[in-house]
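Take a look at this one; I'll ask things after.
Each chain gets a letter, A, B, C and D, in the order it is written, and its residues are counted from 1.
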Amino acid sequence: MEAFSDGVFAVAITLLVFNLKVPDMSSGHLGRELGHQWPSYLAYVISFFSIGICWVNHHSILDRVAMADRELLFINLGLLLGIVSIPFTTSLGAVWYKDGNDGKLAVGIYCLNWVYVSLTYMVLIRHLMGHAHLSANATGVTLQSLQRKGFIGISAYAIATVLSLFLPVLAFLVCLILAMYYVFGVEDEVIREVA
Amino acid sequence: MEAFSDGVFAVAITLLVFNLKVPDMSSGHLGRELGHQWPSYLAYVISFFSIGICWVNHHSILDRVAMADRELLFINLGLLLGIVSIPFTTSLGAVWYKDGNDGKLAVGIYCLNWVYVSLTYMVLIRHLMGHAHLSANATGVTLQSLQRKGFIGISAYAIATVLSLFLPVLAFLVCLILAMYYVFGVEDEVIREVA
Amino acid sequence: MEAFSDGVFAVAITLLVFNLKVPDMSSGHLGRELGHQWPSYLAYVISFFSIGICWVNHHSILDRVAMADRELLFINLGLLLGIVSIPFTTSLGAVWYKDGNDGKLAVGIYCLNWVYVSLTYMVLIRHLMGHAHLSANATGVTLQSLQRKGFIGISAYAIATVLSLFLPVLAFLVCLILAMYYVFGVEDEVIREVA
Amino acid sequence: MEAFSDGVFAVAITLLVFNLKVPDMSSGHLGRELGHQWPSYLAYVISFFSIGICWVNHHSILDRVAMADRELLFINLGLLLGIVSIPFTTSLGAVWYKDGNDGKLAVGIYCLNWVYVSLTYMVLIRHLMGHAHLSANATGVTLQSLQRKGFIGISAYAIATVLSLFLPVLAFLVCLILAMYYVFGVEDEVIREVA
């Protein structure tokens, strides 16, 4: 399952580039057009680092699995479904974010996409903790630590979803801060294994 | 052949995201526009899980092959041709499904795409059974079990194709049920090897 | 170099699906519209099998390389440049093929793309034969056989290019026949290694 | 981190093909239309070889890393962000390059993208030199040589950025020459490891 998951993550993160549109030559001034696209650039960077970090954690967990079962397979596909949807919801949020109620809906959907990813990620960890499929290099302590961080993720993305109903831009920023938090807060032992 | 096949499956499943279109800002209400797109979302989820399950089975079979021959190579490329076409036929079905006779044609083509994939998959298994290319960890019992499931797949997709001539939406649902059946009905020993 | 090359081949072959366009709903009859697209389907199948076979041969050769040098690196990137261009020239040929002189130009460019790929492939083999970078499992006999097939490829694609100036559709058929020839004529020892 | 990085590089380099547009049939003469697109072809070739060479160096460095830490992870994602952006800035430069001040801006952004990639690449090397994470096959001499070449890269791309303010086409050519320099100037020991 791991090579396939790695491939899906790599393609999904690269497809984010389609959120950056080359302005049409008939649109007049390039500088102004590119300036208007700043939400797309911000959303691109946020989603890029979020997917990147998500991959690191996902890869690290799958590395610890000694034997898969039917439920794990299903949960993992469910998680990948969420990741593959990110380029779409990123574009949705970046294009519509400032359009009144529609903008709140669009950014809300983006945040909900991450709530969904965090949830399936959490389900994955819980499933592994409840069943003894782990290889020798997996300690209960590490899983509990991952679970704690996963819980922080769900909570933060849920707060971002609520915020998007009032201040869509602020919700984007919460997602950015969360990505940064994960980049600097990933467990040392996770990183060591991934490298 | 395996690394290449894995890559093709991963890219094809991720390209499904292009079936989700961000509504144009001139189109008015975002919520209503997204609501109209529900067939695209349903088709996206169905194709996602179907390709995912197909990959698990495919990967598991190739793992058992000790020596490839010319025909196996050809059959495998034929199977991948069907997988790569899925994003196109998925989009075709989702866009046209409710347009009278054209809708029946579109959903019928989608179902036929899966009939084709099931058929090449079956040909792959039969070829392996008829020729002694299998490695030690492959048992005749497992292959027979995979062949039985493959036969269920062809039958169900053939029924879905016939159904699409009368009730396109129902044909979609058969495909969804089939994907769920495979998710929950994959052989335990297959899963254990893939993990 | 091998994992990267495999990835490029897998993405390029999957991007061919973008040559299949879902007809717009305003275009009237779906069946008729799809019927008009038959050159796109034919070109899709030809390019799919051609890239697939090309990958098998390429992978098999790189497997035999024990030590790379600067020129090999350059030649390999040159070959990949040709492969990545195929989805573009395939689309060019399929869209324009029947438009008089423009059609001849379009199909001619498609055939020239394959001449270029065959040529870089030949240069790759010759470079390996002239320099002792091969690992133990590479025999001179196999390389000479690959070189002979490579020469057939260049010749056939050159003929197809000339044919495209008179009968573009016939040139397409030569490419199709060539792909079939390679599928059924790949060396047994090549296949055994790839599997 | 390596399989994921390889995947991102492979997808990004293949997405460059979307810079090549099939002219619409209503546009008249195919030959003239394709002729007008020459900047797109040039930019496509430049970016293709630049990403290819960048991958070789990147892969070679990651191969030498025995243990990753939090900063390395962050720096690597930052580098990949630059690579994934190349198809966009390539298209931007190729479409707008001759439009007066807008053309200078577009080509300048393309060159700045490469300055950014060179900078993160340099930061990656410096980080590895300052911290003892290297495996046994990494020598200080090789890293210093890579660092020297990285410095040449930053300088040349910075010069190209300044040139783009006066002669956008000349800036493109500097990028092309730089790619060629790297192809023919990559360390022998780097190539040997990658193969």
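Just so we're on the same page, contacts are C-beta pairs under 8 Å (C-beta built on N, C-alpha and C of every residue); 3 or more make two chains touch, one makes a residue touch a chain.
A quick note: this is a predicted structure, and the numbers were derived from the prediction, not measured.
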(message) If I superpose chain B onto chain C using their CA atoms, what angle of rotation comes out, to the nearest 5 degrees?
(response) 90
(request) Determine whether chain A and chain D, two copies of the same sequence, contact each other through the same residue numbers or different ones, counting it as same when over half of the numbers at the interface appear on both sides. (result) different
(request) Could you put a whole-Å number on the gap between the CA centroids of chain C and chain D? (result) 26
(request) Could you grab the centroid distance between chain B and chain D? Build each centroid from C-alpha atoms only and quote it in angstrom. (result) 37
(request) Could you tell me which residues belong to chain A and also touch two or more other chains? (result) 3, 6-7, 10-11, 15
(message) Considering only the defined contacts, which chain B positions touch chain A in the complex?
(response) 3, 6-7, 9-11, 13-17, 20, 22, 25, 29-31, 34, 45, 48-49, 52-53, 55-56, 59, 183-184, 186, 188, 191-192, 194-195
(request) Report the residues of chain D in contact with chain A in the complex, numbered from low to high. (result) 1, 3-4, 6-8, 10-12, 15, 65-70, 72-74, 77, 80-81, 84-85, 87-88, 91-92, 95-96, 99, 102, 105-106, 109
